[in-house]
Amino acid sequence: MELNENQVYQILAKVESINTGVHFCNTTILTTEGEHINLKLDFDQLPFLAMGKVYQFEAKAIIKLDDELILKCLSIEPAEKVLSDEELQNILDRFYVYAPIPMLDIKKGIEKHLNKIQNKTLLDVTKRIYQDNERAFYLHPAATKFHHAYVGGLSYHTLTMLKLIEPFVQVYPYLNKDLLIAGTILHDMSKINEISGVDGEYTKEGLLIGHLVMQTVDIDRVARELKVEHEEEILLLKHMIISHHGQFNFGSPKKPQTAEALLLWFIDTIDSKFTVLGEALEETKEGTFTNLLSVMDKMRFYKGNIKK
Amino acid sequence: MELNENQVYQILAKVESINTGVHFCNTTILTTEGEHINLKLDFDQLPFLAMGKVYQFEAKAIIKLDDELILKCLSIEPAEKVLSDEELQNILDRFYVYAPIPMLDIKKGIEKHLNKIQNKTLLDVTKRIYQDNERAFYLHPAATKFHHAYVGGLSYHTLTMLKLIEPFVQVYPYLNKDLLIAGTILHDMSKINEISGVDGEYTKEGLLIGHLVMQTVDIDRVARELKVEHEEEILLLKHMIISHHGQFNFGSPKKPQTAEALLLWFIDTIDSKFTVLGEALEETKEGTFTNLLSVMDKMRFYKGNIKK
Amino acid sequence: MELNENQVYQILAKVESINTGVHFCNTTILTTEGEHINLKLDFDQLPFLAMGKVYQFEAKAIIKLDDELILKCLSIEPAEKVLSDEELQNILDRFYVYAPIPMLDIKKGIEKHLNKIQNKTLLDVTKRIYQDNERAFYLHPAATKFHHAYVGGLSYHTLTMLKLIEPFVQVYPYLNKDLLIAGTILHDMSKINEISGVDGEYTKEGLLIGHLVMQTVDIDRVARELKVEHEEEILLLKHMIISHHGQFNFGSPKKPQTAEALLLWFIDTIDSKFTVLGEALEETKEGTFTNLLSVMDKMRFYKGNIKK
Amino acid sequence: MELNENQVYQILAKVESINTGVHFCNTTILTTEGEHINLKLDFDQLPFLAMGKVYQFEAKAIIKLDDELILKCLSIEPAEKVLSDEELQNILDRFYVYAPIPMLDIKKGIEKHLNKIQNKTLLDVTKRIYQDNERAFYLHPAATKFHHAYVGGLSYHTLTMLKLIEPFVQVYPYLNKDLLIAGTILHDMSKINEISGVDGEYTKEGLLIGHLVMQTVDIDRVARELKVEHEEEILLLKHMIISHHGQFNFGSPKKPQTAEALLLWFIDTIDSKFTVLGEALEETKEGTFTNLLSVMDKMRFYKGNIKK
Amino acid sequence: MELNENQVYQILAKVESINTGVHFCNTTILTTEGEHINLKLDFDQLPFLAMGKVYQFEAKAIIKLDDELILKCLSIEPAEKVLSDEELQNILDRFYVYAPIPMLDIKKGIEKHLNKIQNKTLLDVTKRIYQDNERAFYLHPAATKFHHAYVGGLSYHTLTMLKLIEPFVQVYPYLNKDLLIAGTILHDMSKINEISGVDGEYTKEGLLIGHLVMQTVDIDRVARELKVEHEEEILLLKHMIISHHGQFNFGSPKKPQTAEALLLWFIDTIDSKFTVLGEALEETKEGTFTNLLSVMDKMRFYKGNIKK
Amino acid sequence: MELNENQVYQILAKVESINTGVHFCNTTILTTEGEHINLKLDFDQLPFLAMGKVYQFEAKAIIKLDDELILKCLSIEPAEKVLSDEELQNILDRFYVYAPIPMLDIKKGIEKHLNKIQNKTLLDVTKRIYQDNERAFYLHPAATKFHHAYVGGLSYHTLTMLKLIEPFVQVYPYLNKDLLIAGTILHDMSKINEISGVDGEYTKEGLLIGHLVMQTVDIDRVARELKVEHEEEILLLKHMIISHHGQFNFGSPKKPQTAEALLLWFIDTIDSKFTVLGEALEETKEGTFTNLLSVMDKMRFYKGNIKK
């Protein structure tokens, strides 16, 4: 990129490295054109920057003491705040390993299921929480390791689970489909605040409270705003959320005690296991075993050698 | 029923009670017309009779010492050996609590799935074993207690599981559908010899060997007859059978190590739980809890009180 | 009690039995003078009445068809809503087995500790929740069985725990006393809504959500009202609440991860055990063993036979 | 070894290394005289060769392009197929760490016990399976690690267990000696196919089915050939085999439910532990502890310092 | 028995019932001749008497107020204190269900093994403790329920275990036979004080300390008296005693860490199981299962139906 | 230090290194003045010396063959045998990381509690054992790793526990204070012989018997010397010692079955955890987590960021 003195540039780029110097903070950013650029930040801009994330930078070319042109950062905006869905998907394709389906397709799928909810209380609460978290939801991994540990993993995992609901409702018609859709969309939503981003670590709230209780608290908050906090739907939804790890050992303070809560646990478990397994088998020769898979009870799985 | 001396009668009836007298064995049988009849048996006919089962009796009216006409049994045939499918279904409707769907519908459903198997080895082995056990398969309960403990429970449970295969293959296309169908049809087939009938007890073979190993042995026997005992399909099928209880604690000598074996465990577990749960919820008022359900980890489940 | 036609009476009494007749509901109530009185209720008054609870009844003497004077209920108010603390304590002494110390002493003790909290956020939140639940707090048992299963057990248990805080802060000065007081006062507060009263059963919210999560939700609600929901104190307090059962097995979704949370678990456990143990030893002869104590791991304890 | 053009040599040797060249496969073999020789193989001979095993090679000395004499392999036979017992024992002494007793002594010992079986069904089935596996049985280790992990370990372990049967039958005369001998000889026989040789790995059949079920299937096969598959002896023998790991956790689908099955588990466990312990104590100074022994629950054992 | 006024009688009898009257304690005793006799005791004689035990009574026939002759007890001596071995064995045969072998044979067997100990320290300590407990040792059951729960069970169990030592020393020659004999004879000796006699209950020392630690303390006491408390033999012997329950769960504060301690655990476990199993199979028809056996993991065992 | 031929020196010093030469053993010692000195020992003096310990050496300066003055050791005495309390404390300050409070303060604290025991039997036994171990008690760590792993850790841990007794006796007045003091002082006393000193290893007695049983044996020994071995106090005290690890899994052969034994377990657990936690939090920044703490269930703890 050629710099002209005092010119201001808009640069969409991913943060590659951050080093603190004496007067400035030196960061290397990677532009959508694939160019590595050195950008100077003031120290008080540092808290707004995270490694590996994409931002819309506004920067100005100025002259340093020794006559050199440098690029000084004026403002920073997270990409997901300033871009449209289509622009965002472009960014994801360029900079990240994204889920197996493009973001726009995941989004279309999830919203299709969301809009199938007929129970008004469930629809209102679920939609409100979904909208509050919409952008982050499509950028977040489903876990820091184990399963769906890539950008978009959280929403991709949610979509696959949604696909399994209909067949179960067909076979066991006493199941309440609205509850299942609402519970599935919300079950891991608070992972957005439990884990701090793509290469993220657990947050202190994540470690001390956990996404099960965080989400339950959030459902209560929204239900109060909508004045439905005492309705049966809210009780059933909260129960699904806190029980969806199925067992005390995995951090559920209550075990599933409704049919819908039980099924949510099963399809969550199944999707996390079968997605990992599918990825591992893809890299395994027929007639041999995969590596040890930690999410699969530390076992190795065999890829059969027969015609389909 | 009016008796005429020396006349021979064909009676289709269920055994209601068996009492041993001095000269004969006195049994009470219930005919398809709903009549209770006293039938005399010789002691050496006793081993062919089981309480609660339906037989085709041939009997003759003869005169006892004190001038009374009695009905003497000439021969005994189990109903399932002499009746057509349609006649058998009639019997089931009349005498038993049968599975929620009629036997003929279950049978049609299962055979439809069986015939979808495209892999020749799997088709041949599965069909052969299915045919060897066909009648008993549709009359057997799925367990002595816990789940599907009614006549026809075994086949009904199998059919429901078969219905869940397709959706999973849609969502996780790397799964081998032929293996899943074959494994599902065969997974509990040896319960026929593990448990001795409707109100049955475990057999000694059932207690000392168990239906997982019994079925594996039987697959090997049939595979040898068909000269396919060294083919990969047989190894994969045997593995599905011995691992379908999922964990050592539940009597599987190996944990599931193929994707298909893992799914078989899941859908077996899910169907046994959701069937029990559905039956319990049916008898439960909205807004209250079921009784303790032993197959559900001794828990009580809540039936929500919201509009569907 | 002598009845005069059309006179209206104010009666403070405990509900002893409830029977539904054709036109009315017949209840027997026990007055503070020890008299059993028959009171007629309309069916729509029934939901406001619970067996074993004390109410302020307003009733009128009227004449029935057959010329008999009957007492017809006009209004019902729970005793704790209309009585002063002193009047309430009188009622408790007369009608119930109360905790080993009088209610007023427990209340004085607890409020003394509450007012020692110096951290403003913790003080405000704790006080607000305390005041919202004040009356019920002093009337509730600590559990339906196991420990402190008498009227006032909840507040008595809380007070004893508060007494143990100071010594621990002396020995381990890094502990935060304000957090310990706040956490102790709030830790079981939601049992008021988890268990429905003296001879009570678990409520559906109690069974599906549980007092740990219910209380965490309530802290969040109050913190939002006070606009302190993002302060560190709230995070630490919530963590103490959800982790105070110490282990996953006992329904804590997170294990204690702060010093104060860890101590809360210890003193909660210790007080529930040593109170039960003290009661059991009181009824045991020296040199012999108590009965099996279910809260003590189903063990029997030995009462030594030595001079103190 | 001196080579003469076009002469054919018979060489008994162990494979030391295998390298694939452009035209040939170059292997180094170690002869019984201790000479290292380079032998050329065609690529299609490779599947018949395993590292560390001993073969009877037929080879011919031929001239390469550059006038050098090379040794070209004509045929390969596993040593155990072409040698007598005495010749084989010679080979074992020369090339391997063998069990503490010579192969011929182990064999004599095992066959002495085998021939003591008086029950015809048990004798026939056991002898047939023994003969089917005879050579491999004396060459196999008992495990890939843990215990008896040397050539001949499987048969040596079996012999020691056989020695413990008689004393137990003396002390508990209700035990059936024939069953104990048969079960002991067969209990680990399928390890021959579960583990692929001396330095071997688990086979896929070993991992997916396991030697307990593999052996049960094989007993059924032989019993069918001998037309005794429905005799009680076969049921009891199968039960001993599948239950000999004693507990679900160790891969037994059924726990021992006959006296003989229970004892088989005990003497199998005892011999595997006391053999490892004896080897470890041999290398330990009196008055000190052994290393951590993984087969002994990861514990260290103390070697006492007292006169015997 | 005919009574003469003022005559004194020596009566060997078992206590059948004890009732406290106003002036005396009325007991019914059963004489060796099979006669039931009423015997009056003073209240201060009561502590020396236990239900079901045999005593040498001295009694005098005296006249009561109403002219009736009654038998007044003068002195009480436990039978085992005043009788020779032969006389005692007579008593046991007459009054109790004794172990399967007569007391004198058990005693001869145990002393034969005891005298085989060659290590002087082990011999001295074991003999001293044996002699301190000799009589009680042959009269005690091995447990209050579970296994060997009859008079003499303790010594019978010990003898059977001693018989298993020699074969194990033959097969694993590194085992120290002296240690094994000493440890076996002493391992349960303190049960004499842990359980209070034939129909006995656990003593308070038994419940609070347990026979493992009680015996260790006693070995230390005797070793001090013999001035060998610091010798290696004592350490090894103590370790065998405290570790002979094998696992923490069964009350061993240390797991076996010497070869001899490990074997002691095995033969103790084996003998308690195979003795119970033998007794249960004796009462079971061939081809059927025993009842649930609590010492066998609450399992039922199958009695095979084959020729021996 | 300047050496004069044939002069004899008294040197108080810590052993820094030990090397065996041809004629002598060369050790480096560190004097209280901070000087490193080479000291020659005869080989037979070696067993009296341990790395890291402080001794009073008597040494003489003599001339070696090559005219060099060397320092030859004449005698060795452990510092704790020859120094007064005040001198010893000086040594500790100079050479070791000691507990957070000086030895003399710990000692004063412990003896103050000891002398509060009013029950004569408990006082006599506790005092005798205390005096037998007095010096070592103040020099020993409480564990080889985990908690209180510094010189004096054992006595410091004991003192803190003693401080917690009084508050508990206040709150639960049925607790016997004398028993609690005696049990607390003695509970870990045998660690002195279980672990061999500062940087010590477990002794063979420690590994094979353990400090719980060792201490119980020692209480019995002293009780016999004082002729109180059959008194109830001794039984209660022994029970507290063997049960103070609370659970079988942690090596207690009996679980606590008296109120005092139960409390001892709690305050032992609490002090080991809260001491470790306090040390870890001291090194942790506010608002962050500690490292994994192995004694705290391998968890990380959060240090809150709020005003106290």
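We call the chains A, B, C, D, E and F, going by the order they appear; numbering starts again at 1 in every chain.
Basically, a contact is a pair of C-beta atoms (placed from the backbone, for glycine too) under 8 Å apart; a residue touches a chain by one contact, two chains touch by 3 or more.
This structure is a prediction, so every number in the text was calculated from the model and none was measured.
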Other chains in touch with both chain B and chain E: C, D
Chain C to chain F, fewest steps along touching chains: 1
Equivalent of C-F within the choices D-E, D-F or B-E, defined by over half of its residue contact pairs recurring: D-E
Centroid distance [mean C-alpha coordinates] between chain D and chain A, Å: 53
Rounded Å distance between chain E and chain F, as computed from the means of their C-alpha atoms: 43
Inter-centroid spacing, chain B versus chain A (mean Cα positions, whole Å): 47
Numbers and ranges of chain D residues touching at least 2 other chains: 204, 207-208, 236, 239, 257-258, 287, 289, 302
Chains touching one another, given as label pairs in label order: A-B, A-C, A-D, A-F, B-C, B-D, B-E, C-E, C-F, D-E, D-F, E-F
Residue numbers on chain C that touch chain B, as the complex places them: 204, 207-208
Sites on chain F touched by chain A in the complex: 287, 289, 302
Chain D to chain E touching residues, read off their complex: 119, 160, 163-164, 166-168, 170-172, 174, 176-179, 231-233, 236, 239, 255, 257-260, 262-263, 266, 270, 273-275, 277-278, 281-282, 287, 289, 297, 299-308
Interface residues, chain C side, partner chain A - complex: 204-205, 207-210, 212-213, 216-217, 220-221, 224, 235-236, 238-239, 242, 248-254, 257-258
